[in-house]
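We just call them A, B, C, D and E in the order they show up, numbering each chain from 1.
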C-alpha cells in the first residue's frame, strides 16, 4: 500500500453545500500541499471524496463506507452537529477518526473525534463579555436570536446562565427562534427595535446558514445601526457575507478564532495559497473572489496536526494517532501557535471579535490575550462540573 | 383538552347519536307503518309510489335550473322524460342520486326514505342505479371487472376483501355480458371501447347492480337504430320488476317503450300523458318538437 | 374537395381502418354510416390529423395533407365537430366561439347568424361551457365549428343529445350550407332518418372497411338501413 | 339464456408458479444467504458481504416498503401522498424512543433520562414517553401512532372529499408542520438532533453482526410479507374498487360503494407500512431526526414508485433499489456530478418508460410474444390523442403502453 | 465614559471658542491610532478648535479612508495617499495599517461631526446634526445647543434642537431640570426618546423624577402602538407579495397547464442569478453612477433568461407529458436537481451577493417607529404590476384565450387552428419568465444561492392550491391571506409556531373548501 487514504465527508449538494463545499476544497488543497512536500511517512495521501448530500443518515452510511470499504485512515468532515452525532456511533464502533472543523455547542467528547472548531467558551462567552464592556457599548439588554436547533438553543442556554450570573435580569433577555431557512425577518427586526427602546441592547445571533442574508438585509434596510443595536453573530463569516450588501451592516460583529483580515505572515501565505489553488482548480466563486474563513482554518490546522501526529506515531493506526495528537502544535493562520489539548481533543484558540467592514471583511476590535482552552462541558450547565475533561474510554 | 371541553364534546356526540337513531327510526318506521309487511331494507311502496319529488328547486348562480318540480313514479313503471335541452332533466337525476342538493323541496324513495338525507353511495345501495349522459366506466379495469364491481352484494370494505364470485353470480355476469354484446371483450380495458360500447357497458353495470329504480340519461344516444331497438326490448323486459326513468330525445325510441311521458321545460313539468297526447300539445311542439 | 385514398390505421396492434377510400364533393353532404365501434370516429379523426394514418393519402383542395398537423388542416379550411362535444369546459360560451375563430385575424367578429341558429347560446354567452346542458354543449360545438366558415365541415354524430326541434334546424342548416355550394360536408350519423334526408353521397362502414357506397337518393332502394342494422 | 358464449376469467392464484419460486429464492437470500455471506465468509473473500453492503441493502429494503406503501395509495388508488415521510418518521421515532430508553445510564450524563432531556433540565419523562421502555408497547405504538394519525387525518380529508393535488398539498403541509414541531426542543423528541447513539435492543448490543443480520433478515421478511399482503389485497375485489376509485370516483359511489371507507382503509394500511419501515430503519441506520419529514423525502418515495412502475407491486420495490442504489454509488463515484445523473435518470424514466422499469420489461415480454408492425403506429396515434404532434412522438412510447388490450377484437 | 470625555472636550471647546487652529500631525496621529479612549479624547480636543482641515480629516476617519504607520498618518483618496495636514500627496509605505474604528469610536466621530455641522448653512445638514446629537445627549453641550437654538430660524430644526436640549438636561444634576426634561421629552413620541428615558430611569434615584419619566414613557408607548400595528400589517402585505410573486408563475405552469412543476423554484433561481450577472456587468462595464440602474436592466434579462430555459424545458421534456401530470412531477424534479447542480458548477455552491441599488436601500420613515424599507415597498409595487400584466395577458388577450383553451383541450384546440405546440411553449415560457421576475425581486431581500428555489417551492404550491388551481384571483387572496396571517401569528407566538399554525390552518381550510378559495363550482369543474 503506497498511499494513505483520507476521507472527505462534506455535503456537496443539498442545503449544507453552501457552507461545506469549500471545506472539501480546503482538504484537497492541504492534501496537494502535503503531497507536494513528500507526503506522510513517505506515502502520498489519497483523498476519497463522498457526498452525503446534507442527509444525516447518509453521513453515517458514508462513514461506514469510508471506514469499511475504502479503509481510510482519517475523515475530515461534517458541519452540523446532527451530522456529527449521526456518524459518532459508527466512528466509535469501527474505531475511526474524525476531524470536526466547526464551532459547536459542546456537550460532547469522543475519543474518536478531534474538535478543531470552537467550543462555546471559545466564542460565545468572550463575545458577550465584549459587548458588556464599555468599549463594546455596555449592553444592558439582550436579544438571543437563533435558528431553531440544538446549536443555537444550547449556546443560548449557556449565555442565559452566564448573563444571569452577571446580574442581567430575566426581563432584559429576549430569546427568539426562527425555523430553518426562514427568510422573512420583518417581524423580528421590528421586535428588536421595540425591545431596544428599553435600554442599551445587543443582539446575539446564532442564525445559521441561509437565513443570515435575509436577516442582515432586513436589518440594514430597517435602519438598525450597529452603533445603536450591535449584532454579534457566531455563524457569520466572510463566506456568509459574500451574499450580502455589507455597507449598511458596518459595525455589526462576529466572534471567531480566525478572520481573513488578520495580518500575519502565516495568514498571508495561507490566503495566497488558497487564492492560487482556487484559480488553478477553477473553483467557482473563489476563483474570482477568494475568501477564507474560520472553519477553513480549522480544517487546515486539523489536517496538518493529523499529519504531524501520524509522523510522530509512525503509523496511521487510530489509537496511536490519537495518542500522538495530544499536545501537537501548529502555526495557525490566525497568528498563534495552536495547540491540541493534551486531554480534551479540542484546540486551544484565540478569540477574535471583528466588526463588519464595508468590503465584507472584518476589523478585529478585540481579542483574547492568548489562546483559550476549550471547555466542552460548559460550567454554566448543571451537572457538568462532574464531567471528566477527557473522552471516556480513552486510556490516559 | 380541558374537562369542560370534553364534556361539551361528549354531549354533542350524544346528541348526534340520538339524531341518527331518530333518522334510523324513521327509515325503519316503515316497518311499523306497513304492519310488518316488508322486511327491513325494502322500500316501502305501500302508497303506490317508488319515487316522489315535490316542489323541488335548485338554482346555480341565480339561474333556476329546477323550478318547483313535482313528479312521482309508480313501482314497476317505465317513465319517459323528454324536454328541451337545458330543461333540467340531468339536474333532476343529479338531485335524486344525491349529486346535487336542492335548495328546497322533498325527494322520497318509497314513502319512508328521504333521499335528501343520504349520500350518493347510500342512495345507490338503497336501490337507485344511474346511467350518466356521458358514459362513465372504469377505464383502467376490464369489462369483466367493471361488471363485477357493479354486482349487487355487500359493498363494505371487509366484504370486498373477502369477496369471491360464486357460481350464481358468475352466471348472472355471463348473462349480462351476453345482453350487452360484449362477450368478446371481457378482458379488454373499458377505456378502449368505442363510445357505443361504453354505453352498453354502463347499462350492463346497471343491470348487475339490480336496482329497484333505474335512472337512464339518454341511453341510446350514439347507438344505431338496431341497437336502439334492442335497448328498447331490454327496457321493456325490465319493466314491472324494476322502475325505470328514461330521458331521451329519440322520439321513435320513446314511442316503442313509453306508457306515460313527462315533458320538462324550464325546470318544471310542462305536460304529461301518453306520447300521442304530449306530441299533440302545442306548447310541447313549440318548445321541443318543432314543426 | 376532399379525397381519401387507401388509408390504414391501427390502435395498439388492432387494425382499425382497412383500406378506406372516398371523396367528399363541394356542395354535397357525404354521410358516413355504420354500427358502434366500426371505426367511423377513427376515420374522421384521421381526416383531421388527430390520429395519424399508417398508409394512404388524404388530399384536400388539391393538396396532400396527410403529413399536416391538425391546426394546419384547420387553417386550410377544415372544420370539425367531434363526437362527445369536447367543448372547452372552463371557457365561457363566447370564448369557446372565439376559439373557433382562432386562425382568423384578431378582430374577426363572431357571425351573428350563429345566434339565430342557436338562440340559447346568445342567452348563455357568459356562462362557462361546462355548465351547459348536454344538448346545449352540442349546439355550442357545432356553432364553434361553423364560426370560421370552413370549406370542409366534418360532423361526428352532431345530433346526439339534441332536442328534436333543433335537430330539424341543424338539418336545415346543413342543407343550406351545402346548397350554398362553397362547402363540403362529411357527416357521421347514427340517426338514420336524419342521415338519409341529408345524404347526397353515403358510405357504410363495417369493421374498418367501407362495405357500401352510393348516392343518397338511392339509400332506401339499396337497403342501407338493413345494412347498418344486421 | 345461454352463458356459454362468454368465458369468464377465473381468479388467479396469489402468485404464479414462477412467482412463488422467485419469492422463495428472495426469502432464502434474505434470511439465510446474506447472513452466511456476511458472518461466515471471511472478509477477504469475493463472496463476502460487507457490513456496509448489509447496512445499505437493509436501508433500501426499508425504503422499498415505503415505496410499496406509496404504490398502494398512489399507484392503485390514485391518491398522491406527499406526507408518507411523516409516517415513516413517526414509526422511526417510536422505535427511537425505545432505543433511547435502552441506553439506560450509559449516556453522557449517566442519567435515567435520555441525554437531551438532562441537558434541557427536564426532571421527569414527558407524558408521551410513558410506554417507551416497554418493547411490546413500542411494537404496538409503531403501528398505532402512524395508523391513528393517518386515520384521523384521512377521515377528515376524505370526508370533505379532498382530492388530487389538494390532498397532496395538505399532506405536504402536514409533514412540514410535523417537521417544524419535531425540530423544537420543547416537543420532547430531541430537536433537530433527534435520537442517535443507540446501544441495545432488548438488552442485546445493537452493534454486533448478529444483531445487524437479525434486523436485516427481519426487514427482508417484513418486505416480503407486505408484498404478499399487498398482492392479496390488490387481487381482491377491494383492490379493484381502489382502482375504480382512481378512475371514476363518482361512478363508484353510484355503484353503491362508499369510497370513504375504502380510501381510509388503504390510507391507514399504507401509513402503517411506512411506520413499520421507519421502525426497522432506525436501528439499522442509527439515527432518527426531523429531517426525515422534509418535503423532499416524501417526494422521493413517490419517485421510487414511479421509476419502478406504478400500479405494479414489484415495480416500486425495484424502483427503490435502483434509485437508492444509484444514489449510493454515484455519491461516491461522482460526488460532484451525481445529481446530473440522477436528474437525467428521472427525466429519462418519465420520457421513455412511462410505466417505469416494470412497464418496459412487460413491453419487451409482450413484444417477444406478439411482434406486430402496427405497434409503433398505434403508439403514435395515442400520443397524438394526448395532444402531441406526430412529428414529435417518434421516440416516445405511448402513455398507456404496457396495458395492451388483452383480447382485442379481430 | 464617552459622554464625560466628550463633555470635557466640548467644555474646552467653549472656553477657547473662536480660536480655531489647524490640525497638527500629532493630533492626527493621536486620533488615528492607539486605544479607543485616548483617541476619542484626542478627537474631542481637535474638534474644540477645529478648522476645515480637521473637519476633512474627521470625515476621512469616518469613511475609513485613513491609514497610518508608526509615525505618520495618511488620508487615502482615489488610491492615493495624502498628508492630512499639508494635503500634499505622499507615497504610501508598505507597512501602513488601516485605521480601525469600532462602534464606540464611530459614535464619537459622528458626534464630533454633528457638533461641527451645527453651524452649517445648509438646513438639511443642520437637521441631521441635531438628530445625531439627540442620540448622544450631554448636559455640557447645552451652551452649544442654546447658541444654535438662538441662531436657528427653521422651526423644524428648532424643535429638534429643543428636544436635544431637553435630552441633554435629562441627566442634569439639577433635579428640577431633570423633571422638566422628563416631561418635555414625553412629547417627542419616538423610540429614541424612550430609550433615553429608560436609560435615565435605570440611574434615577428621585421618586418624583422617576414618576415623571415613567409617565412620559407611557405616553410614548401609547403613541407607538399605532406604529406597531402599521408595521404588522405592512410586513404581512409584504410577505404576501413575496408569496404572490413566487406563486404567480406557478399559477400558469401548474394552475393553467397542469404541469406539477417542481423546477419552478429553480426557474426563480435562474432569474436571481441573471440579476446577479447583470450586477456584475454593470460593475464591470458601466460607470459607477449607472450602477443603480442595474436592477432595472435585470428585470427583462431575468424574465428572458428564465423564459428561455422554460421554453427549452417545454420543448425538450414537458411537452411529451401533457395529460400526465404526475409524470411531470417526476421529470421536473429531475430537472430541478440538475439545474441546482448546474448553478453550483457555474457559480459555486456558496451564495452570491446581490446588492440593493442605492434607491432601494434604507427605508421610508412614516412614523417615528415605522420605517418601511424601500426594497419591500418596491417588491409590493412590483408584485402588483406583474399581477396586473399577467391578469391582462391571460384574461384579455387572444394569446391568453389560446393558452386557456389549449391547456384545457389540446387536440380540439388544434382542430380550431391553434398551433398548440407553439402556444404551449409560449405559455410555459411565460410562466417561467414570471418565475424569473420573482427571482429578480427576491434577490433584493434574500439569498441568491443554489437553494433559493427549494425554499420557495413548497410555499408557492400551497398558495396556488389554496387559491384554487387555475384561479388567478384565488392566488392573490391566498398569498395575501397567508402572508398577513403568518405575520399576525408571528407577532405573538414566534416564527416557528406561526409557521406551524399557518400550515395547520391550510389543512383545516382545505377541509372547508376542498377546491381552494375560489373553487370552481358546478359541472365545468368536473369536466
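One rule holds for everything that comes next: a contact is a pair of C-beta atoms (placed from the backbone, for glycine too) under 8 Å apart; a residue touches a chain by one contact, two chains touch by 3 or more.
In UniProt terms the chains read B = Urea ABC transporter ATP-binding protein UrtD; C = Urea ABC transporter ATP-binding subunit UrtE; D = Urea ABC transporter permease subunit UrtC; E = Urea ABC transporter permease subunit UrtB.
Owing to the predicted nature of the structure, the values given are computational and were not obtained by experimental measurement.
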{"item": "By count of C-beta pairs in contact, the leading pair of chains", "value": "A-E"}
{"item": "Chain at maximum distance from chain B, centres defined as averaged CA atoms", "value": "A"}
{"item": "Centre-most chain [mean C-alpha coordinates]", "value": "D"}
{"item": "Longest centre-to-centre distance from chain D, chain (CA-based)", "value": "C"}
{"item": "Inter-centroid spacing, chain D versus chain A (mean Cα positions, whole Å)", "value": "38"}
{"item": "Approximate Å spacing (C-alpha centroids) for the pair chain B, chain E", "value": "64"}
{"item": "Between chain C and chain A, distance of the C-alpha-averaged centres to the nearest whole Å", "value": "74"}
{"item": "Centre-to-centre distance between chain C and chain B (centres being mean Cα positions), rounded to whole Å", "value": "33"}
{"item": "Chain C residues counted as touching two or more neighbouring chains", "value": "11-12, 50, 69, 131"}
{"item": "Chain A residues counted as touching two or more neighbouring chains", "value": "12-13, 148, 179"}
{"item": "Junction residues of chain B - those touching two or more other chains", "value": "60, 192"}
{"item": "Partner chain D, residues of chain B touching it in the complex", "value": "97, 99, 119-122, 124-125, 129-130, 132, 136-142, 144-145, 148-150, 152, 155-157, 160-165, 170-171, 173-175, 177-179, 183-189, 191-192, 205, 209"}
{"item": "Residues of chain C defined as touching chain E within the complex", "value": "48, 50, 69-71, 73-75, 80, 82, 86, 88-91, 95, 98-100, 102-103, 106, 128-131, 144, 148"}
{"item": "Residue ranges of chain B in contact with chain C within the complex", "value": "60, 63, 82-87, 89-90, 133-134, 192-197, 199-200, 218, 221-227, 249-251, 287-291"}
{"item": "Partner chain E, residues of chain A touching it in the complex", "value": "12-13, 15, 17-22, 134-137, 140, 148, 176-179, 181-184, 186-188, 190, 193-194, 196-200, 210, 213-214, 217-218, 220-223, 226-228, 230, 239-245, 247-248, 251, 263, 283-286, 355, 357-358, 360, 363-366"}
{"item": "Chain E - residues contacting chain D, complex", "value": "260, 262, 317, 319-324, 326-331, 333-338, 340-342, 345, 410-411, 414, 420-421, 454, 458, 461-462, 465-466, 469, 496, 499-500, 503-504, 506-507, 510-512, 514-516, 526"}
